[in-house]
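Across the two complexes that follow, chain A remains constant while its partner is chain B and subsequently chain C.
Showing the complex of A and B:
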């Protein structure tokens, strides 16, 4: 008996599954009816979806005349306009530069996610190299290529850049704000609290609108910089203020005794913080941090309101001509898939981090 | 300082969605700034506005408004490619103009009293006329707005159309529910999904939508009511009359060229052998055209060679040469039954 249960044969497993199914889904006639109905409905939806997206779809840009007849998806619009969606208004001949720049940003983000790079010096080097490469490639001035000004940056290239710049600037800034809020000096503590509460009381849209439109009226011309940098700084500040509160939650979870124990062992306050407290803060704050990062990725779409040609804006432009106007669903599906890939990867990375950090708990 | 404060107040008021009175003081000439910069900053769109601002397969801007901007750029800088199109949303266009992000707004913008006074804009001659109309599902079997009683009307949020449609229906005593959408594509989807019986929009936009509705172009009817006839004009910051003159005469030159039969094809020939004194003046053969605006005498010639006259611009983007095949109608020259006319070139 014991042996049989340790080595269940294929048919046994099937029997167990059938048994569970019978108990869970087909216990009574009404149960059976509901199960069959819902399962059938799901099958039907899946089939319609597959039929629309793959079987009856038109794929090539030249075949667009067939689109009106087949009833399937018209992926021709993606074939013809994907470069607009990915790179916005970036000049057509220079797309190799924006492609490389995109890869540089993705590589920077992926590498900074690897534990191997988790030291201050390595991270800072990586970020300077990665973002430097992006800006140099996109701008083109320093590598002797035609200059492309920031108002022509767009599409996925812009979304990725804004997102990673906001998170990478905002994360350390958030940590600083969280530490400042715990400071023993009343002025530092007060200023940090005021800033955090002030920014958190404003909607993101107002913050960005102010950064894009109001700040240029306040600052002298030479300090203005490009709209894109102002918006990134404004967005990063917004992110930092929320992230500071996430970190504060992490700090509050640390018993006071640990600080005292650190002091008793003769550690400096900095050592206590960096060796004992911070690793735990990061662990406590991890789920909310991943959440913040994912939300920020989606929120980058708000920059459309202040006239940035992000991936959603260029998607709007992609179906914004007569020949492609009827196929907006395909364009939105494509952009949705792009968002999904990035956000799903982010949340999977979060799961990996959680598993990794759980080692400390064992 | 006071000027700055007024401008900030204006931008802040816009952020909050209300308008504040503004008096903009004189600034240095916009034309000089454009010449120093070497580019002219024009308004684009954060997406696409059919026929007026679109992006082609090569990621380049095109459309009626873009061509008007390229015409102005050629007039001032001699090269249409020096136009720099800054993507702007509808809500952002006026603050962006005030803060200097753009030199001029050429973005299907109607000339209203509020914009002219409170918002502190200065408008050019109208270069396009478009009225607000209703489009309804054909199967309702109606032809005018009187028959819309109890219906649901969709509009785009934050435009003049929203207020206009409400006022109009109230005036003719029609009970209705108004639903507003942020984006034209949402509005379109809502209407096609039968969430509204009719929707109010700009006449040209309705025609464009109907033309692009591949499946059943006849299943929709544009109601006969003309709610308005809105003059569309270029908008500039107040306080730079010289720049307003420049834009006005850019538009005038495009119209005079069409009136006199000067096209991008025959402009060189006309310039070498001008058939009448007006054309000679227009194309800079006789001096005066540029001097009085502080630029080159041949600006109109270069402009027409680069983008064509107004008729060519219209045909290429909205008319016979475009997929929209929109009738000239009101947008024809006065001599052809339209309402477009140029001031006198002396």
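Showing the complex of A and C:
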């Protein structure tokens, strides 16, 4: 670590920057040529994008007839249809509930990133409260609002619902599977390994399809439940099998001596696990866990194939009328931007944590 | 209580837990089988694989071999399996090549190359694959019709009917022979120890193209050219190889997404190479290309190979998204077969078995590569 006095002063920063440029972009004639060419290309592309998306764009829903002439983006489609994209078929007058519910999930995810919440009990409470708030708001029964059943939930709200339900169910299940896989009992260990390896070698779509279509054939009616819950449980199982491997990596980082030390102190195996081993496992597994959560959020998008009205399906519906059909690029750009911002910030946060932990280890 | 008694009690408890688990699993399976049996009897369905002989009676978007709607379920499923393999292998090859190029650029000191690669990776890695897929598909179906098709030198055309490419004027059997010949050349050439990597690559390219031309010259019909060039005729194209838009969209989306992931893997591998080694190369006066070929890549490959194998398996699994845009991969064929024939359990079994087989073979190949790359004597 550089001391504060060693850090370059303000005037030196420019010199450092120029030095970097000289070393990394303009070292030789061919180097300079490559730099000028690539940065020129990137500037040109950026300018084209800005011109399309902002300067020549049409913004208001009423101005849609101008769209054909300007050659820029036609954001009128978003102005007119953003409620459909965000909330799907949820009753129009109740959209405020859907908005609050989405904010509850986003707040849950953001708060879990703060070190203040990094204890098992706090994280569990946070996620149960966040998820519970979502369900109570969307359903409406407990707060004396009109009841809206799950088949009317849609758009971004449904995507966030499935995502948080999968993480909430899958995390403890993943821990259970990881523990079962390191069990001393051969039958337990074998069963867990078989399940994990089997699910991991199948595409997610196969698991979800099996949950939606095959399970009703195999289970008696009273066990079946809604399709949405079956798919969530199937997805959570998929998440758990990958997360179990992440936890396993965390377990491998714990020296064997710590288990023995726990035993020598007269702790029960449960105490050793919960007081000594697990806190370290969580710490080691944190960056990979964030990565898994990001991947899960991305993969949630495929529930459209199983027939759910998620944000991608509602986007398709948004330009599904004759009037809006030409503006599919704008709709996909809007949905893409929502996904990208969420995924990019979470994965950058994961990178930051990884770097921070590498420093702590050193 | 003495130690022996404690031990006995513990082993009894362990036995009890395991027995309970076995009983529970057997119970679940028994309930599943008996429920399936009652459900199927109610629906008047016969279980078993007899339906594989029946004709399907429906059509689908893409096949590598001749097909008709009178084909049996067995043949249709085989076509789906071949389509999945075909698409998966193309995407694996393309995204590996692209991924190595972009990963190297991401590792470069050159600021321009580095930032371009960073933008590429952050853009394509942070969007759901299925969103990219439906986007490219939407862009492709909004392409102009064949009359206004985009063209490259009048030999390749891109329109809303798909991509038309020039090809050889030979039968599919000869094409298989060409692929075999090129693969054989690769095995022979890359075993030569006396040649440098760049020379090997060049030699393989030249001799491969030569072998293909020779085979085409021998087997093409006597009265026509050895090339088949697409030509626009009314509302369609004649000649050449037609790539349907579903396949173009699949290859485009999976390759962009997969290469961004592979680029990160490659960058990670290159990053792990100790800087002392590259500095030693510089001190010896090696060019930066030689340093990359002889020092960085061989060292990095050992770290790159295991995660690269995982990416290959991911790409194979990603082909199942074809069902979203109507590309007839194995999952599409299976799910259509389920709706048409109702043989859910058998078809799901076949689907799972196929993926276990594909992933197992890929994992074996990666293990073989790892063993080849391992440092001798370590």
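The rule is simple: the second predicted complex is superposed on the first by the 292 of 362 C-alpha atoms of A that agree within 3 Å, B and C clash if a C-alpha of one lies under 4 Å from a C-alpha of the other, contacts with A are read in each partner's own complex, and residues count from 1 in each chain.
Assume a contact is a pair of C-beta atoms (placed from the backbone, for glycine too) under 8 Å apart; a residue touches a chain by one contact, two chains touch by 3 or more.
All figures in this text were calculated on a predicted structure; none of them were measured in a lab.
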Combined model on chain A: chain C and chain B, fit or clash: clash
Could you tell me if A:204 is touching chain B, chain C, both of them or neither one (first, second, both, neither)? second
What is the contact status of A:267 with respect to chain B (first) and chain C (second): first, second, both, or neither? neither
Between chain B (first) and chain C (second), which does A:92 come into contact with in this model arrangement: first, second, both, or neither? first
Quick one: is A:68 in contact with chain B, with chain C, with both, or with neither? Answer first, second, both or neither. first
Taking the superposition as given, does A:305 touch the first partner, chain B, the second, chain C, both, or neither? both
Where does A:276 make contact in the superposed view: on chain B (first), on chain C (second), on both, or on neither? neither
Using the superposition on chain A described above, determine whether A:317 touches chain B (first), chain C (second), both, or neither. first
Partner chain in contact with A:24 - chain B first, chain C second, else both or neither: second
Which partner does A:149 contact after superposing on A: first (chain B), second (chain C), both, neither? first
After superposing on chain A, which stretch of chain C overlaps chain B: 205-213, 241-249 or 277-285? 241-249
Contact residues of chain A, present in both the chain B and the chain C interface: 206, 209-210, 213-214, 217-218, 304-305, 316, 328
Using the touch rule from the top, collect the residues of chain A that touch chain C in their complex. 20-21, 23-25, 31, 34-35, 37-39, 41-42, 184-188, 191, 198, 201-206, 209-210, 213-214, 217-220, 298-302, 304-305, 312, 316, 328-329, 332, 335-336, 339-340, 343-344, 347
Can you tell me which positions in chain C touch chain A when the two form their complex? 14, 17-18, 21-22, 25, 31-32, 35-36, 39-40, 109-116, 119, 122-123, 126-131, 134-135, 138-139, 142, 313, 317-318, 320-321, 323-324, 331, 335, 338, 344-345, 348, 351-352, 355-356, 359-360
Which of the residues in chain B come into contact with chain A in the complex? 4, 7-8, 11-12, 14-15, 44-50, 54-61, 84-89, 91-92, 95-96, 98-101, 183, 185, 189, 208, 211-215, 322-324
In the complex with chain B, residue positions of chain A that touch it: 68, 80-81, 83-84, 87-92, 149, 151, 154, 206, 209-210, 212-214, 216-218, 227, 304-309, 313-314, 316-323, 325-326, 328
